[in-house]
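Below are two complexes that have chain A in common, paired first with chain B and then with chain C.
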Partner chain A sequence: MVDGMKDPDEMEKKDRGDVLRLPDSSQAAVYNFVKVLITLLVALLMGALVMELSGKDSVAAYRALFQSSLGSRTAIANTLLASTPLIFTSLAAAIGFRAGVFNVGAEGSLYLGGFAAAWVGFTFTELPALLIIPLAFLAAGLVGGFWCYVPGVLRARLAVDELVTTILLNYVAILFTEYLVNGPFLVPGVANAMSEEISLAARLPRLAPPSQLNASFIIAVLTGLVMVFVMTRTRLGYELRATGDNPIFTRWAGISVPAVIEKVMFIGGLLGGLAGAGQVLGVHYRFVAGFSSGLAFSGMTIALLVRNSPFGAILASLLFGLLRSGSATMEIFSDVPRDLITVLEATIIFFAAMEISMQFFRRRRHER
Partner chain B sequence: MTYIDMQGISKAFPGVLANDAVNFSVEKGTIHALLGENGAGKSTLMRILYGIYRPDAGKIVLDGEEVEVVDPQTAISLGIGMVHKEFQLVPSLTVAENIALGHEPSRYIWVDRRKMKAQIQTLVDRFGFSINLDQPVVELSVGAQQYVEIIKLLYRQARILILDEPTAVLTPQEIERLFSILEQLRDEGRTIIFITHKLREVKQICSRATILRRGKVAGCVEVAESTERELASLMVGRQILDIEYERSKNVGEVKLCLRNVRANDDRGVPALKGVTFDVRGGEIVGLAGVQGNGQSELVDVIGAVRDAEGEIFLGSKDISGMALRGRRNDGLAIIPEKRKEQGLNLATDIADNVIATRYFKPPFSKNLAVRSDQAEQFAAALMDRYAIKAEGARSLVSTLSGGNQQKVITARELADEPDVLIAAHPTRGLDVAAARFVREELVKRRDEGGAVLLVSADLDELFALSDRLLIIYDGEIVGESRPEDISYEEVGLLMAGHKHG
Partner chain C sequence: MSVDTISNILFASLRVSTPLLLAALAGLISQRVNLLNIALDGLMLFGAFAAVVFGAFLGSTWLGLLLAMLLSTLITLLFAVVVIEFKANLIVAGLAVNILATGLTSYLLVVLFDARGAYSPEGLESLTRITLPVIANIPVLGDILSGHGVLVYVSWLMVGLVAFMLYRTPLGIHMRSVGEHLEASETAGIPVKRVQYIALLLGGALAGLAGAQLSVGNLTLFTDNMINGRGFIALAAVFFGAARPGLTAIGCFIFGMFEILQFRLQTSTSIPAQLPQMLPYLIVVVVLTGINLQKRRRKVVKAE
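Coming up: the complex of A and B.
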């Protein structure tokens, strides 16, 4: 035998390696960046196509969109505001996906965390800002973390599919918080399902009035940087990457795969909870039933787009924030409904999912 | 009369010659065994016959006529059918739908379900399968799923049936039933190629056997005229190792000790039935056996990745209840059997792979952080020390040759000079130079006082390296000897399940 390999699969793995993964990591980063840009470009083109087909002026619409998201100081502040929860939720999704865990539960954590923060905010009204704000975030993080930790344990120890449990638990969380503000925490005299207002001390400072941009953006960015560190530089980061790459190898190396899955699920939930707290303490000043409108799902889109890179998730969150904040004004000035953003996001999911499933099928084919 | 004649078939994949001028011929109306260890080239040869691969050289003559099998469709039209190791069934479809899939009788644009079921029922009745055609396949036992696969071939009017390790997933009762069906098919004049590594089954049902070893034909024998022992020795072969290794000079304390270890395989069938043995410092103990007799499960159990009963000691410490991390910290190292699955993370680079068992210890870990520079330095040192050919510490292991991949694993496992090293098939599939390198590392570890358990399917390797041989058969240690005191033939006999005495 010549120097080398045992079986045919290996040849094909090598072939694939050239396509999917460049040997040099910086080269790979550039390659991935270009890929993300192309995906975004295609999404924008797809959006333009939809607009043109429905008789709208796509150029004017996009101009309005970018004008209203980047055109002024307030516009930029609103973009950052819109991106704040996405930074949390995209990282919540990314850390799970990177470890091979399909955690969809951040939305539920976001609601429960949001409620927990509101509860702290309207209950401990005597506390000063420096105590009550950290306490509210802590409560939100723990409640949110626990909410995903439970399905994490079920997945890790009993092989219960986390995708199913977290999707179902999302409904439980959303409806449960709705019950809370309609029942035990109902505010007399208010028609909408919402809690009391939080104390003034618990409100996060505004950074650029008249925009609602507030300190939760700074917390989000700092948390994001911590997550970049966690996922790329720490022991847990090593463990979760190995688990995502090859759980069998990870087990043979002596790493407890169930423990990694549980931690990752907890962190995902924790980030969801923080996202909820940020919205409650910084924007709404109370818990409002149904306030999220799928923030965690947009986070998953972002994670798919950047292929679970934590740093990429922060950048892409800013970009998605831009689209979201711009779309509201675009709707007013160009009669293109803001649902255009849904078209863009769906296109991105479509391409990201296509790439992932193509990899999957390629692998399947070569394994035979 | 020769029915299938594959002549001079060669097939190379980068770095390995999977089939090297293989001649393979089968008589019409017989059950012919294709025997060999993992990686011997059996599957490649059969995939060529079934049209999945094209051979680099050689030709296929079918019933006296040269044929080009360009794809499986061609193979099916030539009357060749194959049951793969992993069944190719649609779980949610019924038995009948699965059988007819792609070849449904049609009426205008509709599937003629009545005709389809009638045709299949005829087949089922003729062979006495007990199977409900309307049941979804997902509800069937593994044995019944295999019937579906076989009926599928018959429905497509296959005259040649290739069965790839058909008994691997079956219970003994299911195997008996399968065999009686195969005999009936043979008596009808169909030709069956039976891929296996289970000698007893070959003896039971096959008339001739072709044995492949390292891509070449090691022999073609009349089964009735040969013993299981002979078949076993043809399978594992006599490769002349180019170097003789000295025996241990210094056998010390017991470092690994198993007492009455019992475990089940993935199907829940007992695979280890009370295994007891010791490995001492300064000795290589070779575990010989025909594949599938409990070796893999034994390595799993020592690696704490499979539940087991019984006691395992590292030195004097009972590690039975400990997880692998703790066992590794206490001086255990494992070169696992499946290089690409268990041994390596192919998605990442050399540095990440070599720190997998030590990323949490200093100097690689400081506080909670993993230090990339330390990992790279360490990887570079190992690449130097173990002559791993790669561009750098951050080269992806998937781009390395098999030999260099195995060196990465070997380097990782030996770097901390473990007290106990389990090496499962550490040279399988490697070229001569890489295999020699790995063997020398095992010997060196022994000479430095380590206890080495070498699991191998290669008798020559075991005889060359071992200070003591253990023979495993059907989940039990059936023999123990110094290699000087036992012949190949005796080991072959024990491996085939003929106990001493």
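Coming up: the complex of A and C.
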């Protein structure tokens, strides 16, 4: 199956020159799938424990969660809606991690890209849908990509820790977009910090009203498939996997590791930007300050859960969409705060961390 | 600027650099045993939460402080076991702690107090302020140094203590040796695992104090995600100081000063608040870039 699914522990035992190995057997895929299911199960149990300890009815809460995310046509549509940005952000995290780069900047790219898309949407109001929508996505992707490209260059050329810089720059991006809608793009008479509405032509068509599910879901899945292709079948994909597995070997093979890192960071940011554009053009129809609520961090969780397999990330995004869309109803009907989902995510990451003794992460820290 | 304004700025900078300093010392100790502590941010959040909640519950800020240290040490123990025993990836586990902290504290805030976003218990007093004898009477200097909350002084004492521990005690020598060369230390008979545990757990207690300073050092208030990346700024200060206590402390003070400057810009000018708020984060990124540029230049010079 997909290459990123291969078991890193098993890889460690293999010798150096083995990076060119063919994609794994379907047996390994089944094995990994079972592992993912067990991890999710453990997380749900952990959530139940937290709920019971704090005096909540966990069975009722989970019932509300699953019913409101799977119980009807609209519920399923809402789950797909919630998974849309996660597909982008999980791929953004996965491509970085696969190359041994800890890019958490997709959150910032999401905000800046979202604003760029909104700006195109409310500025070029006379353009038809076929022009303005691609233009908005393009602007969002470029802005988002550039945002992560900068820490990418710093990491690649100067070894500035990209984890610390991207996390701090996320705060900058969130504050900056908040400034934009409170300052230069302030709409008088609107109580909350949000931009003007985008033109009707720029709005993505809804797929299953009354759900807000819209065409950005299709764009996300298509982008996801492109990413599967990029990461498994292209030269860049080979280069980034080689960089993740063994940067020293990669350099000796004549591949420029800094160039690979910069590209990977750019693509991660680009995907974050597209996620923002999808939310703005498909759901909010305007830029709303603070609209993300940690979408990039959920994406990171997904990438770790599926061990950076791009195909796995698409599938797992659907599962996480389920959790996210159900959590709002859970909060209303069973009085369990939706922050529980974050606790589930943390549990999943803990488990992923214990399994991943990926050597490239360790080596990366040893380089210093 | 008058002397008054300057001494005001320095006074406030000392105050806001305290949580950074305590967290940076935590990061510094684990850096010394070659463990990058990404979890600082989350540990601070746990500390901030515990100080307010337990402080209010037990009716004493001091007990709150103690339990803040205890809770973040316990969480650190979990982190340490996962990292040291189960060989978990350090960074991933650290991020998990951070995410657990945001999720669990927000969850508990709603469940326990029905409070969304912020919680400020009635009747809980913030930490005692101390008027330094003699120094308080010195003009200007007294205004800057005297009258802080107790943790401000504790944090600067800790700089000395940590330095003493690292350079003058067997434990510190073991720590530095483990950080320098793990395998060699093992061969030399140093209990590597134990040293790593001690380093992480000491850091956990310090990070708990750092969080407590934010929530009960000045006001008694907990808000969702109130750490706002300070754990990472502290980590940047450790990079800035090359894991040396003195230099790291200076880094914390500089970063703290920018926090105060942005606050002053917010209140004294008509610039929208968000622009100055970006400043501390940007400064840290610029500083990190600067020191790595410097490092590389030195390397190039050596190579020639």
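Simple rule for what comes next: the second predicted complex is superposed on the first by the 331 of 368 C-alpha atoms of A that agree within 3 Å, B and C clash if a C-alpha of one lies under 4 Å from a C-alpha of the other, contacts with A are read in each partner's own complex, and residues count from 1 in each chain.
We adopt the following convention: a residue touches a chain if its C-beta (ideal position, glycine included) is under 8 Å from a C-beta of that chain, and two chains touch if they have at least 3 such contacts.
Bear in mind the structure is a predicted one, so any value in this text is a computation, not a measurement.
Chemist: Let me test your reading of the model: by the given contact rule, A:Y238 touches which partner, first (chain B), second (chain C), both or neither?
Modeler: A:Y238 sits against chain B, while chain C stays out of touch.
Chemist: Once chain A of both complexes is superposed, is A:A191 in touch with chain B (first), chain C (second), both, or neither?
Modeler: A:A191 contacts neither chain B nor chain C.
Chemist: Look at the residues of chain A and decide whether chain B or chain C touches more of them.
Modeler: Touched residues of chain A are more numerous for C.
Chemist: Touch check for A:L130: first (chain B), second (chain C), both, or neither?
Modeler: neither
Chemist: One more residue to check, A:F102. First (chain B), second (chain C), both or neither?
Modeler: In the superposition, A:F102 touches chain C alone.
Chemist: Return first, second, both or neither, reflecting whether A:F176 touches chain B, chain C, both chains, or no partner chain.
Modeler: A:F176 sits against chain C, while chain B stays out of touch.
Chemist: So in the complex, which bits of chain C are touching chain A?
Modeler: Listed in rising order, the residues of chain C that touch chain A are 36, 38, 82, 86-93, 95-97, 99-100, 102-104, 106-108, 110-112, 228-229, 232-233, 235-236, 239, 272, 274-275, 277-278, 281-282, 284-285, 288-289, 292-293, 296.
Chemist: Can you tell me which positions in chain B touch chain A when the two form their complex?
Modeler: Going by the criterion above, the answer is residues 13-18, 39, 44, 52-53, 84, 214-215, 303, 305, 323-325, 327-328, 334, 336, 338-348, 352, 355-357, 359-360, 365, 368-370, 372, 391, 394-396, 398-399, 401-403, 405, 428-434.
Chemist: Tell me, which parts of chain A touch chain B in their complex?
Modeler: Its residues touching chain B are 1-11, 13-14, 17, 21, 23-25, 229, 233-238, 241-242, 245-246, 248-256, 368.
Chemist: If you look only at chain A, which of its residues touch chain C in the complex?
Modeler: Against chain C, chain A makes touches at 50, 54-56, 102, 104, 151, 154, 158-161, 163-165, 167-169, 171-172, 175-176, 178-179, 182-183, 297, 300-301, 304, 337, 339-343, 345-347, 349-350, 352-354, 356-358, 361-362, 365.
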